[in-house]
Amino acid sequence: MKKPLISIMVGSDSDLLVLSDAVKVLDQFGVSFEITVSSAHRSPERTLRLVHNYYKNGVKVIIAAAGLAAHLAGVVAAHFPLPVIGVPLKGGALQGIDALYSTVQMPPGIPVATVGIDNAKNAGLLAVQILAVADKALEKKLTTYKKALSKTVEEKAKKLDAVGLKQYISEK
Amino acid sequence: MKKPLISIMVGSDSDLLVLSDAVKVLDQFGVSFEITVSSAHRSPERTLRLVHNYYKNGVKVIIAAAGLAAHLAGVVAAHFPLPVIGVPLKGGALQGIDALYSTVQMPPGIPVATVGIDNAKNAGLLAVQILAVADKALEKKLTTYKKALSKTVEEKAKKLDAVGLKQYISEK
Amino acid sequence: MKKPLISIMVGSDSDLLVLSDAVKVLDQFGVSFEITVSSAHRSPERTLRLVHNYYKNGVKVIIAAAGLAAHLAGVVAAHFPLPVIGVPLKGGALQGIDALYSTVQMPPGIPVATVGIDNAKNAGLLAVQILAVADKALEKKLTTYKKALSKTVEEKAKKLDAVGLKQYISEK
Amino acid sequence: MKKPLISIMVGSDSDLLVLSDAVKVLDQFGVSFEITVSSAHRSPERTLRLVHNYYKNGVKVIIAAAGLAAHLAGVVAAHFPLPVIGVPLKGGALQGIDALYSTVQMPPGIPVATVGIDNAKNAGLLAVQILAVADKALEKKLTTYKKALSKTVEEKAKKLDAVGLKQYISEK
Amino acid sequence: MKKPLISIMVGSDSDLLVLSDAVKVLDQFGVSFEITVSSAHRSPERTLRLVHNYYKNGVKVIIAAAGLAAHLAGVVAAHFPLPVIGVPLKGGALQGIDALYSTVQMPPGIPVATVGIDNAKNAGLLAVQILAVADKALEKKLTTYKKALSKTVEEKAKKLDAVGLKQYISEK
Amino acid sequence: MKKPLISIMVGSDSDLLVLSDAVKVLDQFGVSFEITVSSAHRSPERTLRLVHNYYKNGVKVIIAAAGLAAHLAGVVAAHFPLPVIGVPLKGGALQGIDALYSTVQMPPGIPVATVGIDNAKNAGLLAVQILAVADKALEKKLTTYKKALSKTVEEKAKKLDAVGLKQYISEK
Amino acid sequence: MKKPLISIMVGSDSDLLVLSDAVKVLDQFGVSFEITVSSAHRSPERTLRLVHNYYKNGVKVIIAAAGLAAHLAGVVAAHFPLPVIGVPLKGGALQGIDALYSTVQMPPGIPVATVGIDNAKNAGLLAVQILAVADKALEKKLTTYKKALSKTVEEKAKKLDAVGLKQYISEK
Amino acid sequence: MKKPLISIMVGSDSDLLVLSDAVKVLDQFGVSFEITVSSAHRSPERTLRLVHNYYKNGVKVIIAAAGLAAHLAGVVAAHFPLPVIGVPLKGGALQGIDALYSTVQMPPGIPVATVGIDNAKNAGLLAVQILAVADKALEKKLTTYKKALSKTVEEKAKKLDAVGLKQYISEK
């Protein structure tokens, strides 16, 4: 088994389903990772211990996902010198705006690379892009991935042309 | 010198002016306190060390004030079993809404007693009220304080009656 | 039966279910409390009468929960010299942002210790923390509670490691 | 001196300048009024005493203006059976959105007739309109007022046509 | 049949259900009214014609309810010299914030008495309060109504005391 | 088959259902159009190629619909000298506010004619109005359309008068 | 003098300065226009009279600009079958969000082509684009305009390369 | 001169001052970079040409900063397979909320690593962190940087202890 380059931390196990989108991307790109549950507030010592271990063990990027007053990514970033990706989650009355502001509005000196609300897929992709900066094979896969994205759109457009709007909508 | 019962932590020294409103209240009620600068993100180890020392030394309430993605109060509350009061600060483009959400929307299990944006005076008063739960002398002072608040309003109303609206406004 | 130290006031009986989270916490910590329905707007005299009676009878903390233009906590705080905890509730088109602003943005002089939207559990915990300032037994329970929170997270993480992500999600 | 039909209550004497727009309207329409300072939170007993006196003395409409968690209009409405007009004020970090939500989102059963943020002029006019429902002379004045509003616009348009855009802007 | 004193205008027939809360209040207080559908945008001439007829026929207060860019109340107020009550409705992606701002933020000179989002009950009550300014019988009914509101709360509180929280919640 | 004057571009095929409201309008007015799927981000080259082809082939107006960080309309407008209509879509946690701001707040120099969130019908109508500027037959149809809108409202009002509120609501 | 094809209506003469950006664009493209002041609320009859006259006299596009509860564009669109461009203005506590929502969230059936807050320049350009749909000379000018926009950016970039960042900033 | 690893693109030359915070960080860490002005909307072809050239020339990270409907980072990310950092800028009535949403809420498939509003310093640091993933010397500098951040806080705290709050505030 490869040593993980990416660690995914989720503030609560109820967030694991959303994060499985990041897991799929990392699997798809063949990037080694680990995933665990740890809360900035309910298990703060564990969180710090994990971050320090990750760093010691060669983890290069941490993806941290939390909802509400989402402090996890910021707390991780305070202790980790390499990139931290924050995924604000949607739970609660404010629909994730609280998590977005809590994640992205970090003070100067401690950045968190924030992706969209619940957008774990983009967190996974961003982690891959970061590793690809020094990994030509990954970079190539990303170029291929971009082309595939475009191709998928074109195929949908072709199908729409072929079957017409009504038929297309009814099949969805 | 009395051992401090209240500790005030500010995320940045540029916030000290706002926090001086809390200091005035604590002085006015004769409550011992200390105040320092420590950031959840830029000096995370110092922040934890302080919180553990405060607790060991008998601090009963911590007031934590920060702006932007204001994690300070939440991080303090993760490590402190007694009441933590959060003061969201107004700095930055979002005018303190980011700090408010980051402070008040804590996950179940780790409360932060949040006051209004930039409202350090109320943070000081809330700390006094908390101590007053078991301190009859403080409780009495709070009752007197409430009466004085009301009296001040009545005096302004009396003056308004006496001098009339135009004169009153022009004197302000 | 012990004299209640905490009073919970809810603006409407439709809010009682949310508040039962606060009740559970107070029960769990063995803190005596009472709970009632009273509206700042529909039963204003009753509300004031209750607050004055609570104070006379030795209540130390009031938890006030309301939705929409949530004035209950503020009105209670205007008449009660000890800590008032406000729980903004989510009902209505604005999803609790109205209640949050109405509860937390109190004028200088009259604080309300505000917790997150619908977060009655944190209101209960904050009330316990306030009493614990002068109650070593409660303080100890809070320390134990914090450890249990952390332990629960660790157990979930262990289970995730053991069964893997897919299995873990499917069991939820 | 005529007995006042309208009472204006402001939560803080710093709001008096904004409220002078309401005063001007009431003067212009020859409606008797009184104005005073009273806070829902800092002078709650005075506020209730005033409201009960106003009602006993024949006041028909109360205009209540406050900022932040603006409870004044709601508290007044809880004790006054006739129309209460709320003016949310702009002070503080949230620019009056807090005051707007705190004023307008009243629970079913206790309405507050809310006007725009800082729009004391409209509060005055609405009070006049309410009295005009049973006062033909006032109603006529309102019809005349509406025509004058329209005329003022037409005169500005005429001037713009006459002097041209550049000149018009430079003269402002 | 009595000549209507209140007219209710709804921007779309899909809003009629919400408005039935206003209708119930007016029925309960025995106030004569009429209700119709007319849009500021889709039937603008009809809207103006109605407003002018209402005025000619002695209508004293118009309740106008609309969603989205809710112009109906403002357009009505531009043509009606007596009180116009605006009810912002919740339909659409912005959940009624658009309708609230479109209704309450009227320019100086043309007030709309705005109630909470979807709060047609309060619109009905406010209309009754306005008529009560010159109608002692209605005023008395409002005082009775206020007492009944308070009594209902007290009865719920009594029941809660009697059956306990668990039972109370389960019966709802 | 007529050469299309209008092109509808949707960022994702999951938006096609919403856009079918625009299609219905264009069909109703007999305006030739085409519709396709293309993303500003996932198929950027295709998007540009389409825009340049549309222009070359005589398309006069492009309707671009997207959700989230809705860049499609802006990207299209950067390359198309004639009118671009933007339809912000509601998908995602922010309910379309993100898409609205991303569509309407274009920098000076590159306008996007923005309609309401998910309001594809108005996008279709606006496209027709733009063509009608130089097409008397279309202009006439629009005048007829406006009259029909008004008539529909009047018919509903008549039915409401005839059957009464209760019956009307129950039939919906 | 040419018959105007575009009419600009501003809700208040204090908005004329912002609208002069639209005027400059129309002058630059040689499009005939007229500009006047008229309020949806303070001069409603004048507003309708103008709209009907504009239509009769061959005006093809109306630009309507207003702040607060900005109903002007919607009211104009209710009476005008050709394109109406709405410019939400920034005045007031809500910084133009109220005007944006009041302008863009029109009900299905009555579109307003909305541009960004205070973005009168884009309103002017959109009006030109609309006319250009059937005016080859204007279309050509727009293509030239787009190229000039791009060229200006390139010149700034060249200067930045030449003088360096420090110098460039200091010269601004 | 070293080949640039980082490219900074700003949507308008008026943003250069804000971006100089990113430039300072890159200089401080000795990372080679270039900076230019290019708009997604006003110079779209130039923007694409630059992105493709950057990629060909070995640029590893692009920092893209824009205000309003900030499409620049998204457009760049659509064409660049490696990490793109987005800096939402504060200009305009919405104070940067528009730019934040337009930058962070990217669709799945095309991430933008978003930092806080106007927080160019964090954009620079994040770029350095990304390069440090495969550059031990940079990683070491980041560790040193983190320590220096913490030291600065401690020195401020020490000074506050030494001179006292009043003196400290007055010297700022």
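Chains here go by letter, A, B, C, D, E, F, G and H, matching the order in which they are written, and residues are numbered from 1 within each.
One rule holds in what follows: a residue touches a chain if its C-beta (ideal position, glycine included) is under 8 Å from a C-beta of that chain, and two chains touch if they have at least 3 such contacts.
Everything numeric in this text was worked out from a predicted model, so none of it was measured.
**Q** Which neighbours do chain B and chain E have in common?
**A** Of all the chains present, those in contact with both chain B and chain E are C, D.
**Q** How much rotation, in degrees rounded to the nearest 5, is required to superimpose chain B onto chain D on the basis of Cα coordinates?
**A** Rounded to 5 degrees, the superposing rotation is 90 degrees.
**Q** Among the chains, which is located farthest from chain F on the basis of C-alpha centroids?
**A** In terms of C-alpha centroids, the chain at the greatest distance from chain F is B.
**Q** Hey, which one of D-E, B-D or D-G is the same interface as A-H, over half the contact pairs lining up?
**A** D-E
**Q** Could you give the separation in Å between the centres of chain G and chain H, each centre being the mean of its C-alpha atoms?
**A** That pair's centroid distance is 34 Å.
**Q** When the C-alpha atoms of chain B and chain C are each averaged to a single point, how far apart are the two points in Å?
**A** Centre separation, chain B to chain C: 20 Å.
**Q** So, what's the distance in Å between the C-alpha centres of chain F and chain D?
**A** Inter-chain centre distance comes to 41 Å.
**Q** When the C-alpha atoms of chain A and chain D are each averaged to a single point, how far apart are the two points in Å?
**A** 51
**Q** Can you pull out the residues of chain G that are in contact with at least two other chains?
**A** Residues 39, 42, 44, 68-69, 92, 94-95, 97, 104-106, 109-110, 116-117, 149.
**Q** Run through the chains and report each pair that touches.
**A** By the stated definition, chains touch in these pairs: A-B, A-C, A-F, A-H, B-C, B-D, B-H, C-D, C-E, D-E, D-G, E-F, E-G, F-G, F-H, G-H.
**Q** Can you list the chain H residues touching chain G in their complex?
**A** Contacts found on chain H: 13-14, 16-17, 20, 23, 35-39, 42-46, 68-69, 92-95.
**Q** Applying the document's contact rule, which stretches of chain G touch chain F when the two form their complex?
**A** Interface residues on chain G, with respect to chain F: 21, 60-61, 81-83, 85, 100, 104-106, 108-117, 119, 121-123, 125-126, 129-135, 139, 142-143, 145-146, 149.
**Q** Could you pull out which chain F residues touch chain E in their complex?
**A** Interface residues on the chain F side: 90, 95-97, 116-118, 149-150, 152-154, 156-157, 160-161, 165, 168-169, 172.
**Q** What does chain A use to touch chain B in their complex?
**A** Going through chain A, the ones touching chain B are 11-12, 39-42, 44, 67-69, 71, 74-75, 77-79, 92, 94, 97-98, 101-107, 109-110, 112.
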